[in-house]
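Each structure below is given as structure tokens.
Two complexes come next, and they have one chain in common, chain A, joined by chain B in the first and chain C in the second.
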Partner chain A sequence: MAEQLFYFLIYPGLLFAAVVGAFLSWYDRKITAWVQFRKGPPLFQPFYDFFKLLLVKETILPKHGSKGVFLAAPIFAVFGASIAGVFILLPLLGIESGFKGDIIVIFYLLTIPSLTYIIGALATGNPLAAVGGSREMKLILSYELTFILVLAGIIQKAGMSISLNEIISLQVLNGVFGGSLSGIILFIVFIFCIQAKLALVPFDAPEAETEIAGGIMIEYSGTPYAMIKLAKYIMFFILPAFLIGLLWGGLNFEGINILWSILKILFVVLLLTLIRNTNPRVKIKQAVRYFLVWMNLLAIIAIVLSYFGL
Partner chain B sequence: MNEITYIICLPIFAGILLFVIPEKLKTIKGIFASAISLYALYQSILVFTGQVGIYDLSQLVGNTSISSLYANSLNDAAKYVTFNIDSLSQLIILFVNIFAFLIVIYSLFYIDKKKKVYNYYAFFLITLGTSNGAVLSNNLLLFLTFWGILGFTLYKLIKGADEESSSAAKKTLAIVGASDGIMILGIAIIWKITNTLSISELHLATNNALTITAFITLLIGSFTKAGAFPFHTWVPDYAKNAPASSSAYMPASLDKLLGIYFLARICNNIFELNQWLTLILLSIGVITIITAVMMALVQHNYKRLLGFHAVSQVGYMIVGFGLGSVIGIAAGLFHMLNNVLYKTGLFLVSGNVEKQTGKSDIDDLSGLSKTMPITFMCALIFALSISGIPPFNGFASKWMIYQGIIEFGQGTGIANQLWIVWLGLAVLGSALTLASFVKFISGLFLGRRQKEFEKVKEVNILGWLPISIMAIGCIVFGVFSTNYFVPKLFNPILGEINLIGMWNSTSVSVLVLASIVLGLIIYMIGNIKNFRSEDSYVGGGETMREDSGMATSEFYETIRNLGFLSTLYDKAEKRYFDIYNISKKIILWFSKGLQGLHTGVLTNYALWIFAGLIIMLLILL
Partner chain C sequence: MGFKEFCFKKSLWLFHFAGASCNNCDIEILDCLTPRYDVERFGMVLVGSVRHADVLLVNGSINQRDKSRLLEIYEQAPKPLVVVAIGACGCTGGIFAEGDTFAGPVDKIIPVDAYIPGCPPKPEAILAGIVKLLNK
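For the complex of A and B:
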């Protein structure tokens, strides 16, 4: 039990994933600044943000909402992100233990943060938050099918194995899945799923600062918002890591491979950042249709291609 | 085996006795029914822990031949009255009696003078006895007798006060009754082929048209009881109009247990499925999941919303049985138990809300979480369970179903090759369930607190105790799913179950507790003491108007209006796809044709008679 608590709280769970995620978030902001010809924040800015929210800022609670639910939601967001992080990162970092989850479990755990944001937002009683919540839910509905289709394609490639450990070791033996034609298509679809899961532009309709003033996050401030930041940092690291584990053969920390592993993560995050900086926000209806029709179609094409061994 | 007599006959006779007690003594009737139900529960535990085997009438009543007439009639009856206690029926019996007891406790609180369901407790007990009988009977005719009585009590447990509810009751009786009629055909075919009606002796391969017909007729019976596409249409209407305790008792718990029990029997014991039937079962399963949950998404009445979910969850069980593998069947049965836990709970929650507020529409309610905290907590647990959020029980069984589908995909049949379709649609159904429960929870309990509901009170102990027990059941079944309950409950029925995935439900649950503690510590370290409560910010300088808010029922209008879906929704709301309305139309069309012949002119009738006579003569000669 103590071992599992260590995995969960320190390495590779909460603490490790959050620190790496915070640095990645700095990287994302720095790239964004360069794209917009700005200087960008200092390296430790994400940490300053977090601790200022946690320790200094005042917390405002919704007068007419359900305060308990409002405050409890961020706790479960952090839980969902960390536990998904543990199950993704344990195989990726090559730690052998009996504490495992297969990719279906990871798939479900990754939904928890978004769900808690929705419940927290709806507990405030703010109409703008409710608009945001309904959009987030519709976004989940649209990418969930695409996401499971991508996973199904990978399961098919891995010879019906659903263990992340086995999927990675298969790729180490026989070459990465991302190298084939179907693998490339799955990678593209996966990137858009991550984009929607993290609610980044073009799929940031739930938060939409300029339109509904933060949407699901509108009422959050101070300590609860610090926890949401924490969950977001973790998600920002583990989703790209999951992609690398499934399609790019995981990470390796021996000799020169360290550099490769870091470059893999930085490249995926760079892609996410560039997409979010070069696209306008789509309406929620457009987003639903985009996933329902085009992304699912691409995923199905990839599955058919991989069925014929391409 | 006296237990069998006690759990079947005692509730039925007690129920008949209750007819003579006047309606004014409702409380006494309720307490009497609870006592009988408690005793039946005790006896069912004895059955659960007792011996398995097949029992006939002589073992139940003994061979005390008082007169030769008595002995003779007993001998004739003994051919049909045989009971089968095996691991599966033991499990179902236990759950039937547990839920009957919890719901009768709830009824003491819920059924009051306003709910004019006459002889509620009498029919309640008769339902309990006949359900036990249906589960235990080993003879198809005896089974059908009990099964038929259940259709009738289902009809009597709904209040036929206004036009809408009496038409819902009529619809229920028509659909359930018709399906029972179809089952008789299947049983006749089985008798024709095998010359036996005892379930334990039957084992038919589905390789010719006759056995396939028999299988499909029995399947229709099971689907109608459990509420699967396309025979599900009575469930949402029943759920909307019946008292919440009736919908919790019949469509949510007993009918599910019985329908799925019968499905398990016909798929595993009586028939051996071929690959086309597997394909049909899996297709019906996913169609049930998706269509019902899509309808639930746009409902405004929360009881009707729950009714559609009672249908949609059946799809997962059918998928489980359709897979036919050990994991699949175990997953189907486990999902059945889990579904009964949370779905019954949700109906009771809806009863609590309806009773305390008098409103039945999501639009009229909001912000009840503060005034009804226990109901809210239970509702939240049920909603998370049904949506398959780990580590609750709904997740455990859905995860097992997905495992089953992936394992099934290794095969070479047609249905096996389509595994991604089954997996994708089952997962999509789960996401849609989550979406409609976000609407349910936020519409009823979250959101802005209204002045109107400031005075609403939490229900009393009879109202919250049953749902709390079920909520704890949901948590316990989820936390100890893979390492305790699945092997404990299903190994005796199916043998060793080998899961291909990994899910440490207990460890993860401990980590949930750890993270709650951690969260509290963070709040303590953080600047949480420095807080103030403010009205919502909606932009601009002014504060919000008292009545502003977003109607939760409008959440999924985008999906409702999306391209071809909007056409489908329009048609569905006009009940184009309702099997009851379709058959009603066909029957009316025929009767119109026949009415045309009824001219009332005597010579026409005489001509018909002569024509008939001539045709008969031609055939006979």
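For the complex of A and C:
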């Protein structure tokens, strides 16, 4: 029991994932600044933001809304993100082998943060939050099918194995999946799914700052907003880590390999950042079409290719 | 300086309230976010919702209509909140001070923590004001 709690709360769960995720989010902001020829925020900026929201700011509750749900939603988001983080990171860091079928569980757990944002947004009674919530829901409906197709492609490449640990050890033995043609296509589709899951530009219509003033986050302030930030930091680390586990042979922390593992994560986040900096926000209609038609098509092509062993 | 205060000063999120301004101050405020001045160095970002704001930047003259809105925005923001009046209009009323619809400079309506005069103040002046505020 104590061991499980340690896994959940400290390593590799809540604390570790949040700290790494916070540094990654600094890296994302710094790269963004460099792309725009700016200097960018200091290294500990995400921590300052988090502690400011947690300790200093007042929490305002919605007057015409459900206060309990409004406050509970961010906590569930943190729980969902850290449980998903534990399931992803335990096999990835080689601590425990997980269980058979954990990919399916991870798939469901990864949707919890987005769902709780919607619930929290709808509980505020703010019309702009409702607009954001409905957009987020449409976005989930469109990328989730693509995401499961990508997972199906990977499972097929792994010879119908649905355990993350087996997939990683298969890649360690036979070379990474990301090296083949179908693997490259799956990688591209996966990157766009992550982009939508993290609600980064071009798929940030639910939060559109300039248009609906923060959308699903509009009413959050103080401690609940700090919780949302925490969930976002965790997601910012575990989604790239999941991608690396499934397509790039996982992480390895022995000797010089540690550098290679860190570079893998930084490279994936760099890709996400560059996509977010070089694209405008798309309308929700365009985003839905993008996933339902083009990304699904690519994923199906990849599945067919991998069926023929390419 | 305690840990809380340190975090607060390191991460000020700005919300921009434009009264009946001539739009020049708005442009100068946006200048501070551009690569040349880059206030993100100090951890400042412009936020879309006043619920996330730590600093309320008010510029332009406040007329009868703006008054109630400014008050409402001020009450909607989570405290602690720093209010900065920017430009001659924000500080005193400037060229609009004798107009019929003028409803008083910002500090007659809400408490103001810092004044940055100028018509419009240069981005350097705005940055200097913010740095002074941080060292207060």
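As a working rule, the second predicted complex is superposed on the first by the 305 of 310 C-alpha atoms of A that agree within 3 Å, B and C clash if a C-alpha of one lies under 4 Å from a C-alpha of the other, contacts with A are read in each partner's own complex, and residues count from 1 in each chain.
Just so we're on the same page, contacts are C-beta pairs under 8 Å (C-beta built on N, C-alpha and C of every residue); 3 or more make two chains touch, one makes a residue touch a chain.
Only a predicted model underlies this, so the values are computations on that prediction, with no experimental measurement involved.
Within the superposed three-chain model, A:S134 lies in touch with chain B and out of touch with chain C [touch as defined at top]. Once chain A of one complex is fitted onto chain A of the other, the partner contacts of A:Q156 are limited to chain B, with no touch recorded for chain C.
In the superposed pair of complexes, A:Q4 makes contact with chain B only, with no contact to chain C. Comparing chain C and chain B on the residues of chain A they touch gives the larger count to B. Once the two complexes are overlaid on the shared chain, A:K100 sits against chain B while remaining clear of chain C. By the touch criterion stated above, A:A33 is placed in contact with chain C alone, chain B being left untouched. In the superposed model, A:I83 lies in contact with chain B only, and not with chain C. Of the two partner chains, both chain B and chain C are touched by A:I60.
By the touch criterion stated above, A:M217 is placed in contact with chain C alone, chain B being left untouched.
Chain A uses residues 55-60, 213, 218-219, 222 to touch chain B in one structure and chain C in the other. Contact residues of chain A toward chain B in the complex are 1, 4-5, 8-9, 14, 54-69, 71-72, 74-76, 78-79, 82-83, 98-102, 104-105, 107-109, 111-112, 115, 118-119, 122-131, 133-134, 137-138, 140-141, 144-145, 148-149, 152-153, 155-156, 160, 162-163, 213, 218-219, 222-223, 226-227, 284-285, 288-289, 292, 303.
The touching residues of chain C, when paired with chain A in their complex, are 3-8, 10-11, 35, 38, 40-41, 43, 47-49, 51-52, 54, 76, 78-80. Those residues of chain A lying in contact with chain C across their complex are 29, 33, 36-42, 44-45, 47-49, 51-52, 55-60, 209-210, 213-214, 217-222, 225.
Put simply, chain B touches chain A in their complex at residues 366-367, 369-370, 388-390, 395, 399, 402-403, 406-407, 409-410, 419-420, 423-424, 427-428, 431-432, 434-435, 438, 441-442, 445-449, 500-504, 507-508, 510-512, 514-516, 518-520, 522-523, 525-528, 530-539, 544, 548-550, 552, 554-556, 558-559, 562-563.
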